[in-house]
Amino acid sequence: MKPFSIVTEPINPQLYADYVLRPEAGAVTLFTGHVREWTKGVQTVFLAYEAYVPMAEKKLAQIGQEIEEQWEGTRAAIAHRIGELQISDIAVVIAVSSPHRKTAYEANEYAIERIKEIVPIWKKEIWNDGEQWIGDQKKKPEGELR
Amino acid sequence: MKPFSIVTEPINPQLYADYVLRPEAGAVTLFTGHVREWTKGVQTVFLAYEAYVPMAEKKLAQIGQEIEEQWEGTRAAIAHRIGELQISDIAVVIAVSSPHRKTAYEANEYAIERIKEIVPIWKKEIWNDGEQWIGDQKKKPEGELR
Amino acid sequence: MITVHYFAGIREMTGTHKENFDWAGVTVGQLKERLIQKYPQMQGNSLQFAVNEEYALQTDILSEGDAVALIPPVSGG
Amino acid sequence: MITVHYFAGIREMTGTHKENFDWAGVTVGQLKERLIQKYPQMQGNSLQFAVNEEYALQTDILSEGDAVALIPPVSGG
């Protein structure tokens, strides 16, 4: 199993929890991000995720390294699924083990925030009456490149 | 499956994650607390957990209710295992689903803190050269009942 | 008759999981004093009490048929 | 020859996943200007650039064989 991977098949989160477990670990946090049916009153029919796969896997591994450096004794594993996902499907799984529970929560939340910052993955929401790449929402109104 | 239970068999965390998942859920956090081999330089051989089972299950359900009242749209499930547990065995599982990820982390961490405060479960650590009920550590030096 | 349940270190100290006492009408605080008379080693242990599976106050009065539990500091998780 | 990769809304705008250009020696910023000349609709999109799978500065100079990627705001998770 690749501990930092972009996958196209359904994610089995237990594999990632098992990967990070060690005799020194007192706590494992497992986060799964799911396709939600309703967002701000709009019904999602399905999502489509796209990634720049080799760079995305590098960035996931970088996040894992950041975690292991920042919180001693932790181990992390992360996977993100791409392609078409239905309601309740797992889009992302983050597993973190740690000797102590507080760290396991903190490091796990750090991972999802970093994924949303630096990992080249894009989400398109498909509704009954349209679709949108979610990054578009951040389009600058001034019409200028960043 | 009982969503708030004291169990004597190995815990399958996925059952609890599945229980809390709903179409409105964008995030599921799953915490597992494991028997750790080393604590402050002392090697644990195994742990023994004991509970006041009917009251413990009521208190787990109370924590679940506190969570659902405090964080809108969440659903929780918690199980704690009792009996003899070996290194890396799961002692406790907490699953929380929420529309949004921040809430799922917060509510999950709240649950483990509350378990350690109010749920009548006791842990005995067994080492190669002795054993101790962990609550004993908090024995008041003044020799007075609380 | 009320039933008193013991757990963890307290259970090992008393050597039993539970005992029955004919103490209906006494308060939780009085029950505590009577138990310490019977088990002097119980003195000095931090303890809470539950009556019918809910945490109780020292001033709560016990009724016939109540289930009392001595709750040493919990250590689950 | 350098290869330029497109993703998400930018891919849909250009109608292709990637293109090759004979632009070795130019900076990332210059590449951006040339792409906007070719695709005027690209103007106004918030974009970062990656060179060989690592985020790049506008002043980085492209070399023969480099893989450039246009990175619109990411939305994983």
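Per-chain numbering from 1; labels A, B, C and D assigned in written order.
Just so we're on the same page, contacts are C-beta pairs under 8 Å (C-beta built on N, C-alpha and C of every residue); 3 or more make two chains touch, one makes a residue touch a chain.
Keep in mind the model is a prediction, meaning the values are calculated, not measured.
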item: Third chains touching both chain C and chain A; value: B
item: Intercentroid distance (Cα basis), chain C paired with chain B, Å; value: 24
item: Euclidean distance of C-alpha centroids - chain B vs chain D, Å; value: 49
item: Gap in Å, rounded to a whole number, between the CA centres of chain D and chain C; value: 73
item: Where chain D touches two or more other chains, by residue; value: 77
item: Of all residues in chain A, the ones touching two or more other chains; value: 33, 101, 112
item: Interchain contacts (touch definition) - all pairs; value: A-B, A-D, B-C
item: Contacting residues of chain C [partner chain B, same complex]; value: 5, 7-9, 11-12, 32, 36, 43-48, 50, 53-55, 69, 71-77
item: Residues of chain A defined as touching chain D within the complex; value: 33, 49-52, 54-56, 58, 80, 91-92, 112, 115-124, 133-136, 138-140, 142-146
item: List of chain A residues in touch with chain B within their complex; value: 13-14, 17, 21-38, 87-88, 99, 101-102, 104-105, 108-109, 112
